[in-house]
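One structure follows; several queries about it will come next.
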Amino acid sequence: MGFDSHRTHTRKIGSAPGTLIDLPVTSPSRLWAVHYRGEEMHEHLDIDLDDARALVSADSVTWIHIQGQPDRRLLDRLGEVFDLHSLALEDVQSLVQRPKLDVYQEQLFAILNLPRWNGEGVELEQFNLFMGEGYVLSIHAGEEEVVQAVRRRMAKVRTRLRTHGADYLFYALMDLVVDQAFPVLETFGEEVEALEEVLLERPSRDLLSAIYQHKRNLMILRRQLWPTREVVSQLMRGANDEEYFAPDLQPFLQDLYDHTVHIMDLLETYRDVVASMLDVYLSSVSNRLNDIMRVLTMISTIFIPLTFIVGVYGMNFGNNTKSPWAMPELNWYYGYPLVWGVMLLIAAAMTIFFRRKGWLGGSR
Amino acid sequence: MGFDSHRTHTRKIGSAPGTLIDLPVTSPSRLWAVHYRGEEMHEHLDIDLDDARALVSADSVTWIHIQGQPDRRLLDRLGEVFDLHSLALEDVQSLVQRPKLDVYQEQLFAILNLPRWNGEGVELEQFNLFMGEGYVLSIHAGEEEVVQAVRRRMAKVRTRLRTHGADYLFYALMDLVVDQAFPVLETFGEEVEALEEVLLERPSRDLLSAIYQHKRNLMILRRQLWPTREVVSQLMRGANDEEYFAPDLQPFLQDLYDHTVHIMDLLETYRDVVASMLDVYLSSVSNRLNDIMRVLTMISTIFIPLTFIVGVYGMNFGNNTKSPWAMPELNWYYGYPLVWGVMLLIAAAMTIFFRRKGWLGGSR
Amino acid sequence: MGFDSHRTHTRKIGSAPGTLIDLPVTSPSRLWAVHYRGEEMHEHLDIDLDDARALVSADSVTWIHIQGQPDRRLLDRLGEVFDLHSLALEDVQSLVQRPKLDVYQEQLFAILNLPRWNGEGVELEQFNLFMGEGYVLSIHAGEEEVVQAVRRRMAKVRTRLRTHGADYLFYALMDLVVDQAFPVLETFGEEVEALEEVLLERPSRDLLSAIYQHKRNLMILRRQLWPTREVVSQLMRGANDEEYFAPDLQPFLQDLYDHTVHIMDLLETYRDVVASMLDVYLSSVSNRLNDIMRVLTMISTIFIPLTFIVGVYGMNFGNNTKSPWAMPELNWYYGYPLVWGVMLLIAAAMTIFFRRKGWLGGSR
Amino acid sequence: MGFDSHRTHTRKIGSAPGTLIDLPVTSPSRLWAVHYRGEEMHEHLDIDLDDARALVSADSVTWIHIQGQPDRRLLDRLGEVFDLHSLALEDVQSLVQRPKLDVYQEQLFAILNLPRWNGEGVELEQFNLFMGEGYVLSIHAGEEEVVQAVRRRMAKVRTRLRTHGADYLFYALMDLVVDQAFPVLETFGEEVEALEEVLLERPSRDLLSAIYQHKRNLMILRRQLWPTREVVSQLMRGANDEEYFAPDLQPFLQDLYDHTVHIMDLLETYRDVVASMLDVYLSSVSNRLNDIMRVLTMISTIFIPLTFIVGVYGMNFGNNTKSPWAMPELNWYYGYPLVWGVMLLIAAAMTIFFRRKGWLGGSR
Amino acid sequence: MGFDSHRTHTRKIGSAPGTLIDLPVTSPSRLWAVHYRGEEMHEHLDIDLDDARALVSADSVTWIHIQGQPDRRLLDRLGEVFDLHSLALEDVQSLVQRPKLDVYQEQLFAILNLPRWNGEGVELEQFNLFMGEGYVLSIHAGEEEVVQAVRRRMAKVRTRLRTHGADYLFYALMDLVVDQAFPVLETFGEEVEALEEVLLERPSRDLLSAIYQHKRNLMILRRQLWPTREVVSQLMRGANDEEYFAPDLQPFLQDLYDHTVHIMDLLETYRDVVASMLDVYLSSVSNRLNDIMRVLTMISTIFIPLTFIVGVYGMNFGNNTKSPWAMPELNWYYGYPLVWGVMLLIAAAMTIFFRRKGWLGGSR
């Protein structure tokens, strides 16, 4: 996971706020709409923006969805047709927004980050939501169409989606986006538990890099998801005085809030656990160094005195046959076995010393 | 202790909020009810839900308890019979909720986590409490029936339980659940003190893993119990304007709040203490490495010069009898004892040097 | 200092809130009373509870003091005679309360922790204070009677204690308990400064355990005294609307608050300083290891090449007199002194190398 | 990046608040003005202060800009001509202010820090903004004229800059200054990612110094930019009751606020990531020490026993032909190859032992 | 810098609050007064307390200053003459107060800590300020008379000091005391930068102690100056409803507040920077250990195999002339040069191995 890119910002320094730029759009975006009132419901898969706008009325709900990153022309048209603020359109285009809620004259505008596990890490996709009278406009700058689940639920007549207004649809889409974090967190949790097992049983060197990567990604992820909590909280508090949300939706917003808090809790727990793992890794590296040094020390200290002794009898004083003081040991009848005996005694004494110090067993 | 499982969440992504799912329920749940008014009290051990509901009246108290995890069918029935919100039922089923308090139209709904020591760690069991007019409904997704203590106290006529309404019963059950933390904390405290003793007296390698496990479990436990404080605090503040609780219960809620704060204090103290232990463990590993290196260094530095000297007289220059410069020492009358003398001198000098450095005693 | 004991809590799980239990009381508690009005003052050293109660009137002050831990019977009687809430009595008995202030219908109830240096660590004694109309009831679960200082001051007629009501007495006792922290902190400060000196001049191994013990005790102490601040703050804020305290006592409460804040400041400073010491200790252990390794490395690297050289001339190729290539050096006239010359040169070169690296002086 | 210099403060201790001093001004400052009303717009590049003041009227906008650090004389004149508070002028001169917003009787006064990458680090330039009725006065104590971008946008007639009043100009300049942080942060982000790559692949010693420098600079930078957030937040809250800002500018202030929050988020993320890198660096140093020690230990422990053995047969007991106990091995027919065999066996056993310990591969 | 001394507190435990004690006063304090109204101003250098009091009137300003620590008698007299609260006098005497602001019936009472660099560290001197109607009473328990700067400014007739009342004088003295921190911080900043240079270029052992001392002193200093911020903030908020300060002084208080915040910012930056230095120091110690171990390992691993080889040919098997298996190498014509060849090869191979590992250059 990279830090988020500020290129959009950087390229626009000095230009007027709310200026859209021509960004390369790799794959074209698709637009569709769903319109429902009472038991009626119509899906419009090949519709243009103006026709979609024409569907909107105060006593029905129209859901317009754009999948993929809209190009500049489409954004300009969206602004005109739905009377969206140029700053909101700029935010839709920039793709590196923190989650936030803006209340404009005619619309509510929310930006969420949709986390997705891409096989080796987490990617965040920007999910934009506008709600005005009688319509919800959602723009998801990603490839996979996660909103299909909501569209499928909508097919049934007596579901809450169908019996409530645009506010419930707005909520249902936020709920969908927020819930995407759970499988990602599950994957994270499993990875952290796998790392823990490796850490405690056979800490390898690759672990260091893995722990660092996890710690870093959790720091970034937490910071990028954290404001979601505030968005939902604002929605709960603001729902009353702005009358955007029907009072009976309050428990649903509360439930959504619980989910965001739960997600933050898990992210913080993982972050703290991974931070501890780094300390434990350092400890286990030190422990291994101790093991190595113990082996070296034992071998060295046992053999160094013995090597000295054999060195003594390698001296050539024995050649001097004129002095009785010149290595008489060499001429003793049991000289050689005696030297072996002395050396074995020393080795045994050393071994007992090490056992007393507790250096022999793997216990310390 | 594992991180909490998000499987319930994960399996339901995209489904409508408030949707119950068919989870495998290993052991069936049991339902019983107690009904009391004034001096009368009846226990109904083999009652079905509708009969239990029929007992409820505004001038008596009915306590309905479900022991074990209710299956989907029972939850559906509970929702219908007691008019419970589908989001509340979903929370009862999910088992991984943070402690929280929800205020619905007709009920107060609290979720608590009941900590239990399972021999080697802490497990959390979800305890759900609903209070409506004239009744309390408790659902404990665990095996052991901890509420028996309250039922036994209820047997006596003149206890507060009997002379107060459903609000006191609701409080008494929360108090029971919160108090379950104390024996768990006592066990934790004893384990931490045992670890401390090991740490300061004979730090073994297993300690590292034990400290890590404790630190990690305390981090998780603290995060999962922390919201309990807020639940009780909400109950205290909300009791007045909602009139759920009689004014003379305020001191009891205050007492309950004191307990939750005390529990959090202890959890944080343990966490901080265990975090310090990791640092001290690292220090003691370094100290041990110092010990080992000191022994190695002493043995090596004493014998290396000596081994050099005996090596010198192992050189075969003495064979050259034609030069007076070729190792005359070998032919000195006291040559051999003299070499020993020099070597003993060197060893003594080294030992004095080490004693001066303070490397000989175990004091540094 | 142990973590605080939860045995009282643990033993009572499931019993009704406000239930007193029969605890073993090692030494009996003593009760005395002082009664004063205007210039009159009487001490009653051998008085029973009912007579003490009879002294109480709205226009005089009666101070009833219990020294030592009251047994269950006395607590029951206290509850009846002074109309105390059973939850307050339970708190008096449990001895492990956090400092707190409870406002009951007829009394103000404060719990404070009185710190005392027991020679090697800090002990906390619970000090309970009740104030009702015309009386103050103090219960000190400790052996030494610290309140004697207040009683002595009371002997003088024109002191504030005699010219003010029960509120000033209540304040004066809190002030006395809070001030007990200063000598304890002075002792702590001296110990910390002594540790610092040892740390910077001759870090010994015992230091590690001492630092850990201090860090741990400061963490526990801070957490157990911290709520005192809130108690005094509540008293200051609450004094007005509850009219428990005369307005001219406000500066005294402010002064008391200053003291508690000062105590917390000192505790936090000590804790932070001790935490830094652990890091510095780790550094100095590493420095010592460096010293040891430097000595080993110097001795080894000087002698290892020399030992190799003498080994070369210990080879028996010289025995082969048939080849001119077979160790002719052995037969050179100045062979032996030349070898010594080469070895001295190598040793000198090594020494210069080490001096350049800065490994010889103790400066790095 | 140095800590900010307090010389201005230090030199003035004891002088009256609001006293300007004669500071050496290296390059002279330049002043120009732009005046616009409806479709009219005039640029005045060679104008003096009094003439600029004369342009100001309630129904037009005059923008006066000073590029470079104004000298004392100019500041004095500014104070007189625009009726600025002497404390504000003192702040303009001191150059080491934290970002802040002061509301004076007749003006709004904002100080911002403009970050600029100077090739190897970040420099902060003070940007001062005054807004009074009908005018904006900007003073930028830097060399490069960043405000040119705004002046260029102003050239077009129908831009918001031209159709709004002084408030929008004030906002547009703040937006410009705040946005300067993005390219700086982009550079920082690239450097941090480069350091990460070095850290995980080939940690060199220079890395330590680089990490430290980054950590330190991020700490300083964060602290110096942090108050910007509060400045914008004050502007948003204060805009209503002070009526300095037209209501339709609220979304623009909100957008500005989002940018400052985003910048702080990035700074904190970088700081946290760099802090983790230090820990990982320490770990990798320890790992490298382990590698080195493992090689030393393997070579030593394999050869030390072998060297002992060859030492044994270097002893001169064999010269003693009178004793059958005196090294009979030397005279065995296969003695020499046997010794080699034994030594190869020992070496093989050692190698197997090390392989089992996992010390041979680079895997641990 | 020592922790602050609690002896004053300790000596007084049990005595009545507001009791002055007889402290040894080493040098006598001096008192002088300045009295001004409109263009008149009189200095009274040899005045006693009662005469000073007599100067005070509602339509003039009297500044009474006491330099040095007043003895008990003077404090008692001050209390009587100016009607000061005994708790305030106690605070003046105790010298270890945190900065604070107390609002009494007739006076405003502020305590500030004046930091002073004493050559090797920071000392705090208590500065007490009373303001009542028509007078300011300042007590500075230090030797050097820092207030002379204000007195000198007062000599000019048209300064703000002369044209405003006691409130401006009170502010001007606070400003003077707060500004004393800047030269101290400048000195600190220079020392920290000097330490940084040493750290990154040639980390010596003395550095550890220096870093620790700085970290510790910054922690203490920050804690002792921190409440200053709150004092000024209280003054700003309280000025309106208490009417102690004229409304046009609000910008001056704001300016003072900016200074205290700036000081805290610098202290926290220094503290964080010094804390990082400790980590970096630890790293560089580890790096140095790596250097040392690398040298040892290279020398050892090159020579250990060579020493083994020469040991082999030191064995006395060659004496056994009866077996063709007994060291035939000794009798080869080119045996000796061959052994040298093999040894040089091994040394070369080892050197290449080390170069590949990157252990030869100083780069890693």
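Order of writing sets the labels: A, B, C, D and E. Residues in every chain begin at 1.
Heads up, the rule we're going with is that contacts are C-beta pairs under 8 Å (C-beta built on N, C-alpha and C of every residue); 3 or more make two chains touch, one makes a residue touch a chain.
No experiment lies behind these values; they were computed from the predicted model shown.
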Chains touching both subunit A and subunit B, listed by label: none
Contact-graph distance - origin subunit A, target subunit E: 2
Superposition of subunit B upon subunit D: rotation angle, C-alpha, nearest 5 degrees: 145
Where subunit A and subunit C are represented by their mean Cα positions, the distance between them in whole Å: 40
Inter-centroid spacing, subunit D versus subunit A (mean Cα positions, whole Å): 25
For subunit E, residues contacting two or more additional chains: 282, 286, 289, 293, 296, 300, 304, 307, 311, 314-316, 319, 327
Graph class of chain-chain contacts, one of line, ring, star, complete, other: ring
Chains listed in ring sequence, where subunit C comes first and subunit E follows it: C, E, D, A, B
Subunit A-facing residues of subunit B, complex: 2-7, 9-10, 12-18, 85, 87, 90-91, 96-98, 100, 102, 104, 202-205, 208-209, 212, 215-216, 219-220, 223, 278, 281-282, 285-286, 288-289, 291-293, 295-296, 299-300, 303-304, 306-307, 310-311, 313-316, 318-319, 327, 330-337, 339
Subunit A to subunit B touching residues, read off their complex: 146, 149-150, 152-153, 159-161, 172, 175-176, 179-180, 182-183, 185-186, 189, 192-193, 196, 199-200, 251-252, 254-255, 258-259, 261-262, 265-266, 268-270, 272-273, 276-277, 279-280, 282-284, 286-287, 289-290, 293-294, 296-297, 300-301, 304-305, 307-308, 311-312, 314-317, 319-320, 322-323, 325-327, 357, 359, 362-364
